[in-house]
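Heads up, the next two complexes both have chain A, just with different partners, chain B and then chain C.
== the complex of A and B ==
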């Protein structure tokens, strides 16, 4: 409460008791703290405590049940990185799969969504309808859609049936697209792209609509072909959005495991195992072995990777500007 | 202070207090309502929760104790919920857990009470012989555990659960119609592994798409646990089989013994149902029930699930994984093991009532009532009532539990495994051996030895 406000209300001041700490100031800071406290407490518990607790856990062995942890120092990190003859190769394999997803999913998303956004931006009729249609995968995405995809990709699923009916039976997968080690990971990447294209397209659309139309007109007057407009005008102007889309995609692939858990559980034979799924497995699929610390250590390794990528992205954005 | 600000302050304080009170609640939930005792129980099996809730009414009429059973599924969600509840003092009074490991782990971690003094000789006598000691900590388990394992804080003889359901893995189900269509006798099971492969050859020859073997290899350890292990046990005999897993094994999986058993297993490769690596356990069973495969491997518990999915027992031929004619044992029987156990949580305020509930559930009367509702074999010996309670077909599966001692495969015997034994890693490798054919039996043997070596190292 400001002094001006107090001055404006002298009558009230006279009624309040005097002596000790000024009661005029109590309600002000107390009210403020009372309102701020829930948010601060929530952040302290959900943010600071869990982060601190998670970091401490990464240096311990724990099965989630015992009242105390067994400290392991940096052994969890060493086991994951090279010391454990089973865990380390598993991590490298999952890491390689994650890297493939991390590179290919965002790249394909950009490669599809930018031309799509340009096309949507250039048409006049049915633009709103088409936008809604292209946005549908985002609205419907989630665990349910992963189950639906599984049925489509089964040996006797819709895709194999379609391929056979079109005389393209040689492209059909007798074990299903998720049962063949050569097609399982690429198939999951395509589904990830399918679910991320809508948001990327919307972001590009909003970016395109912010571009000065005079630029396009000038290019057309100068005789620039559409591909030149795309390459010389749109692409440079949309680079910040591209960087954001790539960053979001990379973040999703580093932390996301639902699609891998629901659709393949890392199979067949570990061919679609990724780091986030490995962390989940270490947490809840290890028969109550003391591997929560390992899972936490892997989580922190992922965090370090994410921070590194963020720094790279920030550097890219600075260069763009 | 203005009345508006007073109200605002009051509301904010009330909100904070409310949040704090709500956050601190839960663990001290009322267990007694108007003098009536109420128990809470969690299980990870939906079918068990339904059955238990039904029989709880009967229990209440006899004892006045109300029991409310909640299913928490799937397994990983159950584990994470128990983990969270353990940290927040929110555990129920009773838990149904996996027997043979999970119960001991939870007990050693302080979540389950020691029932040694409650489960006396009379109580144990009610149970099937092979399930009587399920849930009891042994000195060997303690000795084999890693130095920082919670097992080290327990004492031999402590009992953390009582066997509740029992059964065996490695039971093959064959579709009689498909056998007949392939020119096979639908009432005669194959006696050897080679005859089984011939039968698969015949059914896949008749129908390459829907004549194979289904198994939920998405859970990769199923092939390893349910097919390979009984097969290898029969092929090598108990001692040579257990030697495969030994610490610093000279006769490990890469030895001629190990490679031979892996080779015998890999002969299944041409006969897997298309897409079997993408199916979970239930999905594989459903595929079989829908006629998408001629054979299915499961456990004694699979029969009820198949019936629920429209394939009645009279349409299936059942037999245990047949032994290879080249092996040591020419017969095979599956020792029934406790699949799940019942434990009383350490935080319960109703210990006496919880023990009474366990006592009733494992009595012939209670176990029979649950078995009738869930169609799951109980760990309690139902004796002559088994057939009337379970139905003739389910009760008939019990015939695979008996045989010559040397032919009995006891999946509950984990004494020769490393203490932190994890089935997923060898399971993945077995999938790469068959059906994926990415590794040869020799390569698989070498890799399996590395995996076992790593697990033994972890116990040091």
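== the complex of A and C ==
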């Protein structure tokens, strides 16, 4: 990017060094600190302080209203992991749902976006238009688009109507796709895939364009079938990008829960509950119960999980290279 | 050769099918927004009587104009804050030398691994104590801080790739550090700034989770909260919901169509960098 910008205005500032003595300056380190000060100040308050107080709170019981916290040691963590007869099963269920999303969403994303990128790379006409169209789900991800999905997934919604008119009425869901406990989570996973395909396709496309076209030509001359080209050339070359996409997907699953909050609130009957959503509930929807410490503890468990998965992923990445 | 033509046809069909899937909810959003209250219940894709009433009512009577202004304010302030705070910091990280530089840089980047939900509750508690909970500033501050990792990475990269000779030349002409930053690095890294601005603006415009738990005064609602208030009222009137969704989505789409390459560069750069 920046090299392009440089080309735009060649040597605009490349004046002859006048050799003049530089004026008196502040000591260098003070200049540096002055530049980073606003960012560090904000980070100290909104980042370090909040992270620290959240960590402290995870060892206490508090409902947000009483003046003091009641220290509880590691009890919150134990309650979540096994000690509490209500919370522990809830956590396990949310954890299981999270795990399914974490595995299936990135896999499906890769399975759709790699062929899509290969196809898109093979055409010239309409490529730019299609690329923009494919990108729309990414830029509009948010509450508005989730409500649009809710609308088409209603019992009398467009998807059921479409299925019935195609003669696939047996696949239609009379309670709505989000109302049936068996279809709710798969439906949400598909919508997650729908919104993560754009970035993945874009990354693959940029990866494919970096591949030497002679390589494909040579393979073609040698008589390689398209599926061999895909398996022996494209897939290995794009492995770092696949790793990045999977890493992003895993991270988004652990961090993000907006779609679950907006579309189902974890329902029906907890079938789409995920860990971050559970932490959100414990934080803001438990009235006067002393659940804030539990919420913080769960947040920290998620953080630990995210770090762990990143390390595992980084190791696997290193092995791939 | 015919075999090849068949392959091409299959490729085009597949690409078009996925284009339809990509557009599917948008098409229904548009169709719903132009339907009347009675027609929305009937299903059917094209509105029989095409009406603008739903959109104008949502815009006016349902206060979406006010929500729009609130969203504009929050998003604008966040983008401004991000650009000012992190262009300064990234400049320092990229070209200045001072004790603690590396460790601070990695601190910012490490924030990428802290899940939003881990920060959410402490931020709300802190803002309650500071008395900014429920105000727009109370949203802007954590939003700005939340973009730190990605922004610092992108901008430090951009400033770092500007040739050092330019800085040396300006220096020997007697330019101060602030002057070099303002007249050399800021203009040369303009594409990176646009990228950061769009990558900040879009998620901020759509933000729902923190906004939902901080803002309780309806006169301060942003668009996503306004939209949610429509759907939580008794029976959702999906024509109004879709009109509201369209109001939220259109500015983003316009922004995207005009600044597409900045989105693309930013994402590819952020993930490969």
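Convention: the second predicted complex is superposed on the first by the 285 of 321 C-alpha atoms of A that agree within 3 Å, B and C clash if a C-alpha of one lies under 4 Å from a C-alpha of the other, contacts with A are read in each partner's own complex, and residues count from 1 in each chain.
Just so it is clear, a residue touches a chain if its C-beta (ideal position, glycine included) is under 8 Å from a C-beta of that chain, and two chains touch if they have at least 3 such contacts.
A quick note: this is a predicted structure, and the numbers were derived from the prediction, not measured.
When the two complexes are overlaid on their common chain A, residue A:151 makes contact with chain C while staying clear of chain B.
Contacts of A:221 after superposition: neither chain B nor chain C is touched. When the shared chain is aligned, chain C comes close enough to touch A:199, but chain B does not. Once chain A of one complex is fitted onto chain A of the other, the partner contacts of A:281 are limited to chain B, with no touch recorded for chain C. Once the two complexes are laid over each other on the shared chain, residue contacts for A:174 go to chain B alone; chain C is not touched. Set against each other, chain B and chain C touch different numbers of residues in chain A, with C touching more. Judged by the touch definition given at the top, the superposed model places A:270 against chain B, while chain C stays out of reach.
Once the two complexes are overlaid on the shared chain, A:64 sits against chain B and chain C alike.
Overlap of the chain B and chain C interfaces on chain A comprises residues 30-31, 35, 38, 64, 150, 154, 156, 280, 283-284. On the side of chain B, the complex with chain A involves touching residues 1-2, 5-6, 8-9, 12-13, 15-16, 19, 76, 79-80, 82-83, 86, 101-102, 105-106, 108-111, 148-150, 209, 217-220, 274-278, 280, 420, 422-425, 428-429, 431-432, 435-436, 438, 450-451, 453-455, 457-458. For chain A in complex with chain C, the residues that touch the partner chain are 1-6, 13-15, 17-20, 22-23, 25, 28-33, 35-36, 38-40, 42-43, 45-47, 49-51, 53-54, 57, 64, 112, 115-116, 119-120, 122-123, 126, 130, 132-137, 139-145, 147-152, 154, 156-158, 161, 194, 198-199, 202-203, 206, 226, 244, 248, 254-258, 261-262, 276, 279-280, 283-284, 292, 295-296, 299-300, 302-303, 306-307, 310. Every residue of chain C that touches chain A in the complex is listed here, in rising order: 7-8, 11-12, 14-15, 18-19, 21-26, 28-29, 32, 41, 43, 45, 84-86, 88-89, 91-93, 96-99, 101, 104, 107-108, 111, 113-126, 141-142, 144-145, 148, 152, 158, 161-163, 165-166, 168-174, 176-177, 181, 183-184, 188-192, 195, 202-203, 205-209, 213, 223-224, 227-228, 231, 238, 241-242, 244-246, 248-249, 252-253, 255-257, 260, 263-265, 267-269, 271-272. Across the interface of their complex, chain B is touched by residues 12, 27, 30-31, 34-35, 37-38, 41, 61, 63-67, 70, 84-87, 90, 150, 154-156, 174-176, 178-179, 181, 264-265, 267-270, 280-281, 283-290 of chain A.
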